[in-house]
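The next block holds one structure in the form of C-alpha cells; read it before the comments.
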Amino acid sequence: MVAHLPVLTIMIPLFAGLFMPLLGRLNRAIVWPLAVGALGFATFGSIHMLVDVATTGEAIHYSFGGWALPTGIGYRVDLLNGMVLAMIAGAGLLTSIWMLRPAQKEIPDEGRTSYYAVFLLCCAGFLGITITADIFNLYVFLEIASITSYVLIAMGGRRQALYAGYSYLIVGSIGATFILLGIGHLYMRTGSLGMADILSQFQADTSLYTLSDVRTAFAFFTVGLAIKMALFPLHGWQPSAYTYAPSPSSLFIASTSTKVSAYAFYRICFGVFGLAFLTDGLPEIRQIVLVMSSAAIVLGPLIAIRQGDLKRLLAYSSVGQIGYIMLGVVLLNVDGLTGGIIHFWNHAAAKGSLFCVAGALVFRTGSSRVSDLAGMGRRAPWTSAVLTVAGCSMVGVPMTAGFLSKWYLAAGALEADYVFVVPVLIASSVFTAIYVWRVLQLVWFAPKDVEPAVTSEVPWSMRIPALALGAACLVFGLTPWSVDLARSAAVALGVGS
Amino acid sequence: MLDVLSHLWSHYHYVFYILLMLIGLYAVLAKGNLVKKVIGLNVLQTAVFLFYISIGRKAGGTAPVLWEGKPETVPYENPLPHVLMLTAIVVGVSITAVALALIIRIKRGYGTIEEGEILALDEADARGES
Amino acid sequence: MTLLTLLLLVGLAVAAVRVRDLLAATAILGAYSLMMAVLWCQMNALDVAFTEAAVGAGISTVLMLSALLRVGAKEGRRGSHILRHPLMTMQELATTMRRNEARRSAWGSALVCLLVGAALLYGTIDMPRVGDAESPANTHTKVAEHYITKSHDEVGPANIVTSVLGDYRGYDTMGETCVIFTAALCVLLLLRQTGTARRRDED
Amino acid sequence: MRTEKSPVIRYVALRAVPFIQLYALYVLGHGEDGPGGGFQGGVIFASSFVLMALVYGYGTGRKGAPEKITDILAPAGCVLYAGIGLICLLMGGAFLEYGRLAGEGASEAAKHSAHHFGLIGIEAGVMITVTASMITLFFEMARDAHVDHGQDDDDGEDDDA
Amino acid sequence: MILAFDLLASGPSVSIGICLLGVLGILATRRMPNVREGVSLTTAVVNFGLVLWMYGRFQAGETLGSTLLEIVPGLEIGFRVDALGILFALVASGLWILNTLYSIGYMRAHEEPRQTRFYSCFAIAIAACMGAAFSSNLFSMFAFYELLTICTYPLVIHAQTDTARAGAKRYVTYLLGASLCFLLPAMFLIWQASGAVPSLQFAEGGLLASSTASGFTLGLAFLLAVAGLAKCGVMPLHSWLPAAMVAPTPVSALLHAVAVVKMGVFGVCRIVFHVFGVDLLGRLGVADVLLYAACFTIVVGSLVALVQDNLKRRLAYSTISQLSYILLGVALLAPAAGVGGVAHIGFHAVSKITLFFAAGAIYVAAHKTKVSELDGIGRRMPITMAAFTIGALSMIGLPPTAGIVSKWWLVRGAVEVEQWPVLAVLLISTLLNAGYFLPIVWRAFFRPSPEGTPSGLKEAPLPCVIALSGTALLTLLCFFYPDLFVDLAAEVAGYEGGRP
C-alpha cells in the first residue's frame, strides 16, 4: 500500500468529507473522530512520504489510471512539496482536534456535520494542489479548496462574515480565472499539461522564453496566485476574512491557505517555467515580486500595530509573513530559498499558535478584542505561554523558528546583492516587536485593577494543539533538521549556491 | 498599422475573447450590485472557455467523435480543451451557486445587496462598538 | 458565420452588464449562454455546447432567477469598492463613498481592465493562428495526438472527449464531481437552517 | 410562482417529465458514442424536477425528490466514482486504472470491457451527484422565496420614504 | 573520574542549570517565603562555588566548555571558559549572594508584593549572565543578552504603577530596539565577513583577524555592534538606565549597577578583543569613534550627575559615566589601558553595589530618596554611611579603595599611546566625581540633622547591613589584593609588561 500513499493521503480526507454527511446523519458523535482520524492518516502519509524522499533522495511519482504523464494525470512528491504536504496535514490534524469545542460554540447545531465535511474537503483540496504534477489538476483542486474556504469563512457568527466570504469569492474567482488563463497560454505553447513535460520543453529550447504568450502566461500566474496568497497590494480580501471567520476556519485558513498559493508559485517558477525564466527569460518579474514582497514585509506589520482586533492584527501580520516566503523565490540562491522554504513551516507553527490563542479568546469572551487579553497571563498561563513563544517567533528572537527564516533570507539577500532587503527585514522585526510587545504586556503586566476577561484556561482539547504548535516554534528554532530539509529542498530546485 | 490590423484579423477569436473577458471583468470590478458582479463573473469565465476552445481548433476539422472514419485520415479537433472546459463549466456553475447563496444570506443579514450600503452599515457597526 | 456569433455575443454581454433590471440581465445572460452554445457547435465542440446549453442557459439561469426572487431585482446606482486602496481606513472609505463613488470606481475598474487587456493582447502577438493544425497544442504526440489516434484502441468510446474525460483525465473529472458536490454542500450549509441561525442574521 | 399556471401547461409539464428523465438516461448512455455523458444527463434529469416545481409549486416538486434522498445521493455519486478508483487500487492497479477491474493478467478483450464498465460506472456516479446536487441547489435557492420576497417589498417602501 | 570529566565539559551549562533549578525551587516553594528565600540563597552560594571551582580549573590550564546545541552550522549555543568570561562570572555570581541577602531584608521590610516573581526573575537573570559570560560564540552571547533584557523587564515593571510602566517601556524599547536594529545586523555582517565557512566563534586575537571583507563592512559591523550593546550605557543610548531606576533597589543594585550594564561592557570587550581583535581595529581606526563617545559620556554623565537631587538617579548617572571608563580603556587599544578597563568591570561592580545598597538602606530605614534630605544621616546610620563613603572614594579613585587601581592602569595606558586629551578627561572626571560624591558624605556626617528627627541609631534590617558591609569590605580588599582581577584582565588584554 505504501506505493499508493500519494493518492491515499489525498483520498482519505476526501472520502471522509464525502462520507461525513452520510454518517453524521446516523450518529453525530462520529463526526469529530472521523475528521481527526482521516487527517491523522493524512499526516502520517505525508510525513512517511517526506521521510522516504529525504532518505532516498528521489521524488515519488504516481500516475492515475496507469497512464504515463503527460497523457494522464500524475502526482509527484519531492522535498519541497513533501514539506508543504506535512505542513498542511499537520495543521489540519491539529485544527481538527482543536475545533471540537469551538465548533460546538460557534457553528449552529444543524450545520455542524456539514461544516466538518466542508473542512475536510478543504484540507483535501489544499493537499491536492500541493501534490499534483499536472497544472490543470492543480486548478481543479484549487477550486475545491477555494469554494470550501469561502464558505468556511462565511460561517462566522456575524453578518460581516458573509460579506467577507463573498468578497473573497469574487476576488478569489478573478484570481482563479487568471490562473486558468495562464494554464491556457502554457497549453497553447507546449501542448501539454504535465509540469515536468512543460519544463523539459522549456529547457530544450530556451528561446521559448522570449515569446509573448509565455510571458503573459507567467504574468497571469503571478497575479492570480498573488491574489490568492494575499501578497501586498492584492491582500484586500484577507483582513476581513480572517477577522470574521469562525475560529476553527481562521485557524486552518490562516496557517495553510495563503502558503499553499505561495507554494504553487514556487512550483510554477521551478517546476513549470524553470529557473532560467526568472534569470534570463523575464528578469523584470523578479524585481517586481521583490518590490511587492518587500513592501508586504514592511507594511504588513506596520498596519498591524494599529489594530484593536486580535484576529485582524494577525491577518495583517500574515500579509507581512507571506512576503518572506515570496522573497525566498526571487533571491534565487540556496540561502534565500532555504529561508523561504523553512518559513512555510515556521510561519504555519507561529500563526497557528497565535490563531489558537485568538480562538481561545473568542471561546472565553465571545469577541477578539486585543484589550480583552489584559491579565490573561494569570488566569490562563498555558495559552499565554503559547502566545509568548509564538510572538517571539514572529519577531525573530534567536532560538525560535522565526529567527532562522530571517537569518537565511538576509544571507540570501546579501548574496544576491539586494542589500536593501536587510534593513527591510530589520524594520519589519521592529514593527512586529512593537505589536507583539503591546500584546504581551497586556497579557502579563496588566494594571492590577483590570479584571481579566479571560477567566480560565481553555479545555484540554484546545490546549494540546496550541501547545503542540507553540512547541513547534521552539523545536524548529532549536534543531537543525528542519533547516537541513529546507536546504536540501532548495538545492534540489537547482539554484546555484 | 496594417500589420497590427492584419494580426488582429488573423487572431480575431482571441480579440473577441479578450473583449468578452474585459466586459466581464469590468462588471465585476465596477458594479456595486452583488448579483451584477456574479453576472460579470459568468461572462468572465465563459470568455476563458472561448480562449481554450480556440486553441484546439483545426482548420476544416470535425468534432472529435469517431464517426467520420480513421483518425489518420480525418482531421479531428483537439479534444483536450473540450474536456478541460467541461470541468471549468462545472466549476463556474458551482461558484455561481455558492455566490448566490451568500447573496441570499447577505440580503437577509443586511437588508441590501448593494456594496456601498453594506460597507456603510459595517462602518456604523464599527463605530457603535468603539 | 462565427464572426457574426461573436459580435452577437459581445452585444449580449454588454447588455447583460448594462441593464439595470436584474431579471432582464439574467435573461440576457441566459441568451448569451445559449449563443455561446451555438458558437461551440460552430467550433465543433459538441460536448461543450451541450453542457453550456444545459448549464449556462438552463440551470444557471434558473438558479439566478430563484435567487433574485429572494433578494430583489433592482440594481442601485452606487459603485463598487472592490478596488479600494488597501491602506484606506474605514473612515476615509466612507468619505470617498459619499463623493461620486460610482464614477471613481468606474475609472479605476476601466484602468485595471485596460491593463489586463493590454497584457492579453500582448500575449497574442506570438500566438499561432486559430485553426493551425500544426500548433504545439494540436501536435503533441503524447497528448492531443495520442488521444485522437489511440483512444479508440486503448479505451473504447467513439467519443474521444468521453475517453479523455473519463479515463485519461478521469481524476480531474472526479475532482469536478467533488466540486459540484462541494457546492451543493456549501449551499446547504449556508441556506438550510432553522430559526437560531436566521435570527442571528437578522440582528 | 404564486400564480396558478394554465391547465395546458400543467398537463404538458406532467406528461413531459418522464420523457425528460428518459432522455436524460439516453444522454448518459449515449456519452460513449456521441456528445453527452453523466454531467449533461444529470443536469437534464434534475431539470425535470425543476419543471415540476415551477409548474406545480415548490412542495410538489420537492416531493418528487425529497431532501433525505438527494442529501444521500449527492455524496453517494462521488463515493461511487472514487470507490471505483479505490477498487482498481485494491485490485493491484493504480487509482482509476479501469483495466485492472478485469483482474490481473486479463486478456486485452477483457481489459477493454473493463474499461467500458469502469466508464459506465463513473458516468453513473457523475450523473447521480450532478442530479442530486442540482436539485439541492435549486430547491435550496428557491426555498421560501416568497417569504424573503415579502420582506424585500417592505425594504422597498423604506427606501421610498 | 567520569564525573569530573563531564563536569569539565559542561561546567558552564551546569552553572546555568543550577540557576534555573533555583527558579523551579522558588516557584515550587512560593507559598513558604522562608523556604523560598532559603532556596534563593542556597542557589546563589552553590553557583558561586561552582564558578570558583571553574576558576580554579581554568587557572590550572584546563579547557572547560562544550557545544550544547548546534542549530545550524555556524549558529550554535556553546560554552567555553576564558579569562574575560570567568571574570564577569565571578563578579556576577559572587555579588549575587550578597544581593540576595540584601533583597531578603529589603523586600521584607517593604512588604513588597509579587516576591516569587521577583526572586525567580532574578535567578533567570543570573542564569542569563552566566550563559553570556561563558558563551563561546557571538550567537549564544546574543541569545543570553536578549534573555537578560526580557527577564529583567518584570523586575523593572515590578510596582506596576504608571511610572513603573513608563520606565519599563523605555527600558525595553531602548534595549530591544538597539539589539534588533543594530546588534542583530552587526552579528549578521560579522557572520558574512568571517570567511568561506561562516562562523561566530570567539577567537584569541579576533575572529575577523584574517577576514577579507572590505574595510567599510567591517567598520560598519563594529559600530553597529557597539551601538547594539546599548546595555553599556554609552551616550546617546543611555536614557534607559535612569528610567530603570523605578525598580526596587536590589534590582538597581545588582542589575543596573552590575549584571545588566556589565553585560553591555562585557559584550564590547568581547567584540573588541575576540571578534575584531586589537590589530584589526587599529588598522580600521573605528575604535576612535568609541573612544570619543566614551570620553563624552564620562564628562557629560558626571555633569548630569552633579545636578541630580534624587540619590538613585545620581548614582545612575555616575554608573553611566563610570562604565565609559571601561569602554575608554578598551577603545584605547593599548594593553595597559585594556587591563584597566577590564579590571574596572570588577572594581566598579563592588563599589557601585555598595553605593546602591547604602541608598536602599537609607530608603528602608529613613524613607529618604533625595540628596538634600540626607543632612546628618551619618550619625543615625553610621555603618551605612561609612560603607557609602568607601564606595564614593572608590568612584573618585582615591586610596585605599579599588577604584584607584583601575584608574592607574588607565592613565598608564593613555600615556603609553600618548593620548593626552584622554588624560585630561580622566582628570576632569575625577574632579567631577569628587564634586558630586563628597558633598553627600559631608552632609551626612557634618551637617546637623533637621529638627524633629528622632535621635539614636536606626540602621536598615540586619541582612541589608551585612550585605553592604560585605561589599564595602570587598572594595577595600580589592585595593590591597587586586591581582585576582588584574591578572585576568592582563590575560584578556594581552598585557605582558611588568606590574607595579
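Here the chain labels run A, B, C, D and E in written order, and each chain numbers its own residues starting at 1.
Note that a contact is a pair of C-beta atoms (placed from the backbone, for glycine too) under 8 Å apart; a residue touches a chain by one contact, two chains touch by 3 or more.
Predicted, not measured: the structure shown is a model, and the values here were computed from it.
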item	value
Innermost chain, where centres are averages of C-alpha coordinates	A
Chain pair with the most C-beta contacts	B-C
Chain located farthest away, centre of chain B as origin (C-alpha)	E
Chain whose Cα centroid lies at the greatest distance from that of chain D	E
Distance between the centres, which are taken as Cα means, of chain B and chain A, whole angstrom	27
Distance between the centres, which are taken as Cα means, of chain E and chain A, whole angstrom	45
Centre distance in Å when chain D and chain E are each reduced to the mean of their C-alpha atoms	79
For chain A, residues that touch 2 or more chains besides their own	14, 18, 21, 64-65, 136, 140, 143, 147, 150-151, 154, 159, 162, 170, 181, 187-188, 193
Sites on chain C at which at least two other chains make contact	46-47, 51, 55, 59, 63, 67, 70-72, 82, 120, 124-125, 127, 135, 137-138, 143-144, 147, 158-159, 161, 165, 167, 169-173, 175-176, 178-188, 190-192, 201
In chain D, residues with contacts to at least two other chains	33-35, 39, 71, 74-75, 78, 82, 85, 95-96, 98, 137, 140-141, 148, 152, 155
All pairs of touching chains, each written as two labels joined by a dash	A-B, A-C, A-D, A-E, B-C, B-D, C-D
List of chain A residues in touch with chain E within their complex	395, 397-399, 404, 407, 410-411, 414, 422-423, 426, 429-430, 433, 437, 444-445, 447-448, 477-480, 483-484
Complex contacts: residues of chain C adjacent to chain A	82, 84, 86-87, 119-120, 122-128, 135-140, 142-144, 146-147, 167-172, 175-176, 178-179, 181-183, 185-186, 188-190, 192-194, 196-197, 200-201, 203
Residues of chain B that touch chain D when the two form their complex	63, 65, 67, 86, 90, 97, 100-101, 104, 107-108, 111-112
Residues on chain D engaged by chain A in the complex (per definition of touch)	71-72, 74-76, 78-79, 82, 85-86, 89, 93-100
Of chain B, residues touching chain A in the complex	25, 28, 34, 37, 41, 44-45, 48, 51-52, 55, 80-81, 84, 87-88, 91, 94-95, 98-99, 102-103, 105-106, 109-110, 118, 122, 125, 130
